[in-house]
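Each chain gets a letter, A, B, C and D, in the order it is written, and its residues are counted from 1.
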Amino acid sequence: MYLKKNCIAMLLAGGQGSRLGVLTKRMAKPAIPFGGKYRIIDFPLSNCINSGIDTVGVLTQYQPYVLNSYIGNGQPWDMDRIRGGVSILPPYVRGKDGEWYTGTANAIYQNINYIDMNDPEYVLLLSGDHIYKMDYDRMLREHVANKADATIAVLEVPMQEASRFGIMNADEDGRITEFEEKPKHPKSNKASMGIYIFTWKKLRHYLELDEQDPNSSKDFGKNIIPRMLADGQRMMAYNFSGYWKDVGTIDSLWEANMDLLKPNLLNLHDDGWRIYSRTPAQAPHYVGSDATVENSLLTEGSVVNGDVRDSVIFHGARIAKGAVVRKSIVMPDAVIGEDAVVEYAIVGENAKVGAKAVIGGPPRQGDPQIAVVGPDITVEDCAIVKPGEMMSADVAAR
Amino acid sequence: MNALAIIFAYANNDKLKELTEKRTPASVPIGGRYRVVDFALSNMINSNITKVGIITRNNYQSLMDHVGNGKEWDLSRKRDGLYILPPYAQYDSNMQEYGGWIDALSAAMTFIRRSREKYVVLTTGEYVCNIDYEEVLAQHEKSEADITCIYRRDDRGTTGDIAYTLEGDRITDVLLGAGVEGEQNMSMDMFIIERQMLENLVREAAMRGQKSLARDIIRRHLNTLKIFGYEFKGYARRVDSVQAYMQINMDMLQEDVREELFNNPNGRIYTKVRDEMPAQYLEGARVRNSLVADGCIIEGEVENCVLARGVRIGKGAKVSNSIILQKSEVLAEAHLEHVIVDKDAIVRTGRTLIGRENLPVLIGKGMVI
Amino acid sequence: MNALAIIFAYANNDKLKELTEKRTPASVPIGGRYRVVDFALSNMINSNITKVGIITRNNYQSLMDHVGNGKEWDLSRKRDGLYILPPYAQYDSNMQEYGGWIDALSAAMTFIRRSREKYVVLTTGEYVCNIDYEEVLAQHEKSEADITCIYRRDDRGTTGDIAYTLEGDRITDVLLGAGVEGEQNMSMDMFIIERQMLENLVREAAMRGQKSLARDIIRRHLNTLKIFGYEFKGYARRVDSVQAYMQINMDMLQEDVREELFNNPNGRIYTKVRDEMPAQYLEGARVRNSLVADGCIIEGEVENCVLARGVRIGKGAKVSNSIILQKSEVLAEAHLEHVIVDKDAIVRTGRTLIGRENLPVLIGKGMVI
Amino acid sequence: MYLKKNCIAMLLAGGQGSRLGVLTKRMAKPAIPFGGKYRIIDFPLSNCINSGIDTVGVLTQYQPYVLNSYIGNGQPWDMDRIRGGVSILPPYVRGKDGEWYTGTANAIYQNINYIDMNDPEYVLLLSGDHIYKMDYDRMLREHVANKADATIAVLEVPMQEASRFGIMNADEDGRITEFEEKPKHPKSNKASMGIYIFTWKKLRHYLELDEQDPNSSKDFGKNIIPRMLADGQRMMAYNFSGYWKDVGTIDSLWEANMDLLKPNLLNLHDDGWRIYSRTPAQAPHYVGSDATVENSLLTEGSVVNGDVRDSVIFHGARIAKGAVVRKSIVMPDAVIGEDAVVEYAIVGENAKVGAKAVIGGPPRQGDPQIAVVGPDITVEDCAIVKPGEMMSADVAAR
């Protein structure tokens, strides 16, 4: 029956993403450009439509303009549906007072009406800051076959890194026996990916319980999951293998972009699993007579007259003659001036790097230090931004 | 804009050879990610014309596939929007193939008559240009013209083209058919006319068995109607021969042409979005003076080329002065000069194909060479 | 549902007389606000089938106008959605009119081949019913059938209809053509089959010059394939004669039929929304046992009728056992019994027209009587 | 040029509508059903699209679910546009803190970004609680021709009622010289309809000024308009004649519905000016063999077996055999039981009136007293709701 939805998704896109600094000053984290023509939220949204889930509520309260206008009517993701589709869900006033979202669980709690209106059997809970391709329908089928109350997607991480994650300890049938948030001595390496499927009736019950608990911080990881476990609910782990990356920091954002240049890590050429995005209508990119481009991604509307290697160049970006771009990310409509040198750097949307300016540099020793030029920032001719520096104001020549 | 548009999207000739064997000229791929008709459709929406009929005749499946429900041009609407007007759809259509625009307009008359707009913009789907019809309409209204004919100054007229003689802005003669020499006022086959007047003129001409808008309506009424010219001064070329097709693609390598067509404050050129990933340049790629669409994977050398989406250029391949259409593959060590490779073709490892500037080699859709 | 659908929407006969003079049976108005094809389209979307091709042949402008971009059925999509498959759209279509479903399927083969869905649902656009194909598919998969043929128990077979003989759920014979008497397993011309198998069967049959799905595919393969029947037990009638058309409209006055068709938990019947205001009942209106669509203005007496949107019944007019289609007017003091008034017609003041139950008077589109 | 919008509309739909009592308990005022198949917001939205304005921001913060899902992707109003269309604009968090809309001017101020993104010359400001048909394009053309900074639509009201309205005093050229909110001794009878066109640059300036004023109540009528007048800005009156009704009270809502039964007050049969609405897919309405219906409006999905006169019956409503409905409004999916009597009443969405119940009654003397049965309320068999009573809880038999 068409009007009833079997499974809908709720996408938590409210995070301020303060660890991304100047990049999230004017937009929510899920709206950050990624991979040449995408924004982070394209990944969960495309995963949804490719998994047959056409009803997605996007919970947002922080700097929603860029995200809202990016999502628009949902058409790029084939979610401009008459029934279902993508809905932006901000906090609202009930009765006399309004209440901001105080935690992930509270955000879902405040939207119980939205979920009830769609009357689903199952609710898929997603984050807006992960890069991966995943068939949620397979996970849903396991959830149904297991008659689970909740199913949590887990990824095996290197044991030495396990203490940075929420770790799920499961028995041999995959039933979760214990959940430890960032354990000092992890018992397993199955890290929660922040992707949950709940049987809606059950989740609804626990959301209401949790809301009444004055000591709860209204968070899924801290409150709902432990409480359901304690109550002996049937919680299953779903093993995911494949590329998955949290891009919540400058370093991980840079790394995930660089990962796209490596073959076989994350295949975006997959006709059966397209990642959709909203792009401005621009001509194919142009590479000039004096340009060189190797081991890089380029997309529509960009113009390269300089020397680009090991980099990701977004739509509308322009690299002038003589400019050198290495191991860098040049975001939409950014301009790199003549003979400028950009290395191990992220240049934000619409930033202007002047002629002969120098942004970042190769690592002397140890990990690379990524330089960041914020969106709309102007770096004057001959100015210098040192490795690891983050510029949130215009940079004068030194 | 208080106008509806009719786009004539069927072939009048086969000068595009194999390129139009399986499609109409309007749906020929161009500029790496477009179809020719994208220009006509985008010009309409950019001029705030939101009711557009496309007249088709045959061979139009690829056109229908491309324009789909019109959403990409924001022409998927409850009122108005995009209408495909195929032949034989009317209960009273007993005609054979359209003999000319007058036949085609007669068949589309129900569509035209049911509209509320005051004006009609008539155009072919074969022009590459970025034109603002609101400006044309402003002149049309200011001059109180009955018909405004859009032309360009050009010396590339060929047999069969139409040119106008003007006194001031008024058209005093229509030159038909003869190979026109020197710079002329070449018709762009674009007209603005009041809807009611069009209905009357077409009915009258059809009753007399007349076929041609230029010969039987424009020329016949030069003295009885106020027929004015509007000179379009921007870049405009018609995709009407393989040479023109090659040249237009090469023109797009020039920054000024690209800026005028694609970064025009008048509006963007929209097309069907295919959601390919960004183009991948691998180690060994050497690309110069080329337009490259998303989804390409390049390992070889490319110079003075237009590569459509999803093209692959293998290691050690050398491709120059060529157009490679979508999803075609040039395998390792192949060597192409002055070649047009249609969709889904494969040029085998080490193969060499060399055409000439005015006589490119044409490799058909899906061929393996 | 992992299936695409093909709806055959062209006339096989002219038993609907003037009602199909200017439209195909699929686009005949029915039930006050619907077109017949709304049932087929809504059944698809309600069964979660989101790729639907409609095969047309001629006379299909009114059908295209009605289905438009498919938005009303939520079939306006980036991937999949609604496809009109007109004749002559393919570059290689040199056929004349389709001789049967096999010709039509051959012409649509590119569309079918390009799909990713596992199954194909084939159906005519002429049935009024609310059917859940997901349930049919469940039986199809459970029985491991190659082809599942949907039928109904009915004693209203007429010459040309097809009936099945069954043993258990398996079809053992296909009865063609002969006027079938008594209650039979009447074919509803609805089939589920794997896409790849359909491609093979159609190619094979087309090569032999065969035309009929029932005769040349179903009957020929009764022993070589597992061909099963699925009995549809709900309300189902085909709009295949003026009498059937009248009867189906009258059936909709019954609450149980209305509830099953229009308030079915399986899904609603969607149609093009016309945004008429609610029906206005003025002083003097006397309406009994009738279905009345929005936009009507009623001042007279109406009994056992279906009034489509925008109908006007004048003061003192008496209309009974009749169907008045959209925007038609019955002026004051007119008197109609057993009449079908097509769209945009006018029945003049005081005029009397009386048909009989099995021979209603038919007033053509736009007529003034 | 298509991307730039000449004029966009901002629709204030945030009002709680407390004077409508139980009818607005679970939905914002603009979402209230009206006229058989409409909701109040259909009127301004349809006016917009019919006036050629396809970009509308709907400012909402109170009980937005019904309104949000009603508006959906905007398709019924032909506003499911790729560029433009209808956007829901709730309050959001900027920087660290969020701020609810504190007044009409503040609501627009908080959405300056949205307006700037559309880059319009003019902004049309609308309310979500008026019933009328109006060509905003004509008003816009006057605004442009007058080179006005603001144009305010005014309606001539009977002089004795003028003191209930905001009154615009204008000179003979239509230039507003004075604005008086509910004056005791009105100098003219030109009442503001709450419909404004502003030249955006000018309005933007005054919004920023007003926001900095700690004494301002951030309201258009109280602050922005007087301030602009005081500064000598060019403020013009636009004379509207035709049907216009504020439906902010039970009485006016009932009256406006009854007005639709009178010929020539508000023509909804107008092919050139359709009022669009989102309606559930239902069959035409059915009138049974024993029913009588006169001087009434009926729409899809309703079933009448009783006796209906001088009433407006919404989609999906059912009037049982023997029931009598007079001078009443029966909202969507409401059921009137056998032999029940409903007079001078509003029966809310999905309410159930039991057999032989009596709701309301004719006026003894003076104005009618409208009885109201709230949405989803059940009135038991034989129960009585007196004239003028408003029921927000189930009613037992007395």
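The rule is short, and it goes like this: contacts are C-beta pairs under 8 Å (C-beta built on N, C-alpha and C of every residue); 3 or more make two chains touch, one makes a residue touch a chain.
Just so we're clear, the structure is a prediction, and the values are computed from it rather than from any experiment.
A.B. asks: Among the chains, which one keeps its Cα centre farthest from the Cα centre of subunit D?
C.D. replies: Most remote chain from subunit D, centroid-wise, comes out as B.
A.B. asks: With contacts defined as at the top, give the pair, C-D or B-D, that has more of them.
C.D. replies: It is C-D, judged by the count of C-beta pairs in contact.
A.B. asks: Just how far, in Å, is the C-alpha centre of subunit B from the one of subunit A?
C.D. replies: 40
A.B. asks: Averaging over Cα atoms per chain, report the distance between subunit A and subunit C in Å.
C.D. replies: Between these chains, centre-to-centre, one finds 47 Å.
A.B. asks: Can you list the subunit D residues in contact with two or more other chains?
C.D. replies: Counting only residues that touch two or more other chains, subunit D contributes 75-76, 80-82.
A.B. asks: Which residues belonging to subunit C are in contact with no fewer than two other chains?
C.D. replies: Subunit C, residues with two or more chain partners: 71, 76, 78, 268.
A.B. asks: Going by the contact rule at the top, pick out the subunit B residues touching subunit C in the complex.
C.D. replies: Touching subunit C: residues 21-23, 56, 58-62, 64, 69-71, 76, 78, 81-82, 84, 86-91, 110 of subunit B.
A.B. asks: Of all residues in subunit A, which touch subunit D in the complex?
C.D. replies: Contact set of subunit A toward subunit D: 60-65, 68-69, 72-75, 80-82, 85, 87-88, 90-94, 98, 100, 113-114, 117.
A.B. asks: Could you pull out which subunit C residues touch subunit A in their complex?
C.D. replies: 45-48, 71-72, 74, 76-79, 132, 265-268
A.B. asks: Applying the document's contact rule, which stretches of subunit A touch subunit C when the two form their complex?
C.D. replies: Subunit A reaches subunit C through residues 1-3, 75-76, 78, 80-83.
A.B. asks: Looking at the complex, which residues from subunit C come into contact with subunit D?
C.D. replies: 31-33, 42, 71, 252-253, 255, 258, 261-263, 268-271, 273, 275, 277-295, 297, 306-307, 309
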